[in-house]
Amino acid sequence: MTRWIDNLAILLALLGLWYLAWWQAGDSAITPPVQTLKFALYLLGSADFWPHVWATVLAFLYALAISAVLGITLGLVLGLHRFSGEVFEPILASFYTIPKVTLYPLMLLIFGLGLSAKVAFGVIHGMIPVTLFTLAAVKNIPGVLTRTARALRLSPRQTALHVLMPAVLPEIISGLRIGFALTFLGVLIGEMFASQRGLGFLIINGINQHDVARTTAVIVIVVTAAVLANGALLRLDRHARHDV
Amino acid sequence: MRGVALTRLGVIAAFIALLEALCRFGIVKPLTLVAPSRMVGTLIDLIQAGDVGDDAARTAIEVAGAFVLAILLGVSIGAVIHAIPRLRRAVAPVLVSWYAVPSFVFYPLFIALLGLSEAPLIAIGAFSATPAMVVATISGLDRVPRVLRRVARVHRMGFWDTLRHITLPSALPSLFTGVKLAFAYAFIGVIAGEFILSGGGLGYAIAYAYESFETAKMYALMLLVLGVGVAVNAGLHTWEGRLLRRRQR
Amino acid sequence: MRSVLTRLASTACFLLTLASAHAETITVTHWGDSFYGAPYAVAMAKGFFKDKGVDVTGVLTSQGGGTSVRNTLAGDLPFGEVALSAAIEAINNGVPLKIIGGGVQTVADILWVAKKGSDLHSIKDIVNHKVGFTAPGSVTNMLILMAMKENGIDSSKVKLVPAGGVGANTTAVLNGAVDTAMSGEPVWTENMDKLQPVFWTKDVMSPAMMQTVTVTTDDYAKSNAATLKALIAGRRMGVEYIEAHPDESAEIVAKAYSSANVELYKKVFHNFVAIHYWSKGDMNTKGMDRMVEGLEIVGKQKGKVDWSKVTDKSFLPSDLAN
Amino acid sequence: MSTPTAHATLRGVTRIYPSLVHALGPVDLDLRQGEFFSVVGPSGCGKSTLLDVLAGLSAPTSGTIAFEGRPVNGVPDGVGVVFQEDSSFAWLNVQDNVAFGLRRAGMEAAEIKRRVEYALGFMGLRDFATAFPAQLSGGMRQRVCIARTLVMQPRLILLDEPFGALDQQTRLLMGDELLRLWRETGATVMLITHALDEAAMLSDRVGVMSSRPGCFIDLAVTDWPRARDSRIVSDPAFGLLTARLWSSLRAESMKAIGRVA
């Protein structure tokens, strides 16, 4: 119960900030909450809007699947093979911290236009955190766990399935949670360039057309979706850590 | 340890050599990719001709402003959130989904609020970087051992003394992680903002070179940005190592 | 593990199919936010391209001249309407490109605006003020420099500020970040109640200046003459249809651009028809030379361009080729 | 019951947590000047709560506490506490750790140096003066914490299971050092421990606490000479004493782990 009250309070505070921003910046930069919500509802009810949503969702799902599979695989390999792990971890960490948007020309030259470039952009943003978290999780498995597994005479398969997987799972889920957010960011950025579909396109197009109502509404829809999805993932994350 | 470092250097060198070969033997067209040696050469020419100074200075000011602002805001907000568990639980989903929102979509809003100058880009950078610092501050404060808080009381230390002698040193490792991330995100935010929306700075210069088909210049500038990013990160990493070295076994 | 690999492989295949599904996709700069693309939208809706034997199903776009050129190169059907300045730059930098037709032939739609009630009313008033334009080296940069030169304004007494796209310019002027900013359609008509014109480009200089051209790659030009001819002919029918039916065309374009502002579009289209915004495809050398002049002013070009080397008129219908 | 030599007194002290868990008391206790007093009791019986309220780290729910005749309200001057957990400062080397309290008190450098050197020598840390805690074993780190308390020359030293994390041999040796420290400083010592032998070996008096809410159910006087050390474990009286303590404690310990005696 208190949880709902708190969430409501946060929501009200954000709305307050939003209103304040509108009051300061005026209609030429942002539309106020009620008007934006009306426009957002109109967008959600219009047939033209949904193809953009599906374009983003499709690209995002592909990018997320690739980020997750590649990230976890690479993380496992580098985590288990210690030497490679130590060689590549700083390289990956550096890559994580550079502005990948500057690589956009390169991505476009390699992947061409359309869905594959969007997906690729999502993957270069989202894959690294998954890799780094998986790597750290595997590297930090306590030695006593593997020794326990041996003492219990578990087969390698059983060890992997019943000991190692549960031990690394919470970290991997944390990595996926961050990978989720960054993949989404990558896809949106990808859509802002060579694309005429997707929510990212709608936002940049709205900015370029000075269509404040549309831009604000799409941003609010995107932010809401991101917060809700991440809230769900956070709950999953806590659950995996037996933290609830 | 030496072996690891050497291998790492070898991997990077091999990668550069591969790019060089791909370009030299014409497997990749010069409009797509230029050889690393030419990137470096072009970069040196650009620097000597004074063509990057203004953009680099502008970017440096923006990143530095965003970085400092993010640290100040992040630590204060983090401390407040840490002090109020209910607030913490309620804002957690907002904090973790922050990165799914491209900060530069707020550029028009920031221009309206701050005017057309470096300030909106500083705001974008700080906007991207602050949550990392908030999260690091919270986890740093979590990691202050309870027993040390009690030691502080046994020594009858007031709030500020406890902060200075107990809380900050205990939270330092975590805070430093936050500082490193804050730099990375401030840098990413500023460059991305410049790249997409602004009329100056290194990010803009890259986009401009791309638009103008000045491929060699584009890659030279990309190299500069990547180099600066990696160098500052390495610097922070070394500093962190020096600060925290003695704490580790 | 095996099933993961299989899935990855099928995903890759799916991605490839999707990428190639856009086979008949052309590139038009600023599709969706400016009106360079209107003839294409009309031609697609009215089936003009199909009549001429090419099935255009989609349009790629971007926010910048150079990016549009790159998109044209990357597209499966390398035909695009791009900024002339970008095409010249690309050719100068060794991109194998040919200009095959004219696009938008005037800059009469571009104006500088101030907040309503401002005391800026003519180009003479901009002295000692902050003047916004889009980006260094852009068409609006050329225009403001040329306009100042032709009206004897000392450019050292004007502070030029690159403010980003037309949307960002509007935001900047409304918030006082600049005193006057560039504007164009549809943003201008949409925000007319908040803004006042300071000067129209067409009133302070000759607006005959080729903004966009149609381009293709050298390779494609050699082997696909029929497709290129069909595209140019379809576009021309689009232009002619707009001139004959501006209101219906506005409705078509508003739908193609997913805009609810049909009335606004109608106003804009009437304006554009009046100034002969879209060329039928003919390459007006004078207008193109004016653009080169602009490129020289912003330092992107040295000397004249030998049009005979960079243009190819063989895809134009004979009445437009001369 | 108060005697002229009482150093610290507790009267009717209880502590009930906000969660309504009744942790302690009511407890009445006099710590005599210069006495070595130990508290034993089953896990979770409120031993640490007793130490907390005596140290002024938490306020009692009811009752009064006095140290040197003044009511305790916050940590009083002259009281030093050593905790069970490692509380050394990872960011300071050993001598800076030890000098921490003195520097905060604004003492002059020469005196700090003298006291720190003495404490380092006393605790056998002289060779590690510039080492950092991370480089030391658990036992050495606990010595650092004791030295850090010692240099302040407290008149009442409270130790909360300070050797809990150490192995048996180290505990015995540390016990000897604690006795030496007690003799040389003349301070009053209260030691919380769960080890009966430790309590029996070190103390003048041992208080046995009941399971929650913790109250004293037995107060045993040892009658050891002031000059004693760990060899006392071979004295027959030592065996008798531990047997007595255990018989007082057994029923309570079984209650604590959920069995009926």
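The first chain written gets the first letter, and so on, giving A, B, C and D; residue counts start at 1 in each chain.
Going forward, a residue touches a chain if its C-beta (ideal position, glycine included) is under 8 Å from a C-beta of that chain, and two chains touch if they have at least 3 such contacts.
All figures in this text were calculated on a predicted structure; none of them were measured in a lab.
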With chain B set aside and the rest fixed in place, how do the remaining chains group by touching? A, C | D
What's the farthest chain from chain A if centres are computed as the mean of the Cα atoms? D
Chain centre separation (chain A, chain D; CA means) in Å: 52
Taking each chain's centre as the mean position of its Cα atoms, how many Å separate chain B from chain D? 49
CA centroid of chain B to CA centroid of chain C, Å: 36
Separation of the C-alpha centres, chain C versus chain D, in whole Å, is 83
Within chain D, the set of residues that touch 2 or more other chains is none
By the touch definition above, chain B meets two or more other chains at residues 107-108, 111-112, 197, 210
Among the residues of chain C, which are close enough to touch at least two other chains? 67, 70, 165, 167-168, 171, 174-175
Each pair of chains that touches, named by its two labels: A-B, A-C, B-C, B-D
Considering only the defined contacts, which chain A positions touch chain C in the complex? 25-26, 28-29, 48, 62, 65-66, 69, 105, 108-109, 112-116, 119, 193-196, 204-211
Taking the touch rule as given, give the residues of chain C at its contact with chain A in the complex, in rising order. 4, 8, 11, 15-16, 18-19, 22, 30-33, 58-63, 67, 70-71, 74-75, 165-168, 170-171, 174-175, 186-187, 190-191, 194, 258
Per the contact definition, I'd like the list of chain D residues that touch chain B in the complex. 55, 57, 74-75, 77, 79-81, 83-87, 89-91, 93, 100-101, 104, 132, 134-135
Give the list of chain C residues in touch with chain B in this complex. 64-67, 69-70, 86, 89-90, 92-95, 132, 135-137, 161-165, 167-168, 171-172, 174-178, 300
The answer for chain B against chain D in the complex is residues 145, 147-148, 150-151, 153-157, 161, 165-166, 169-170, 172, 246-249
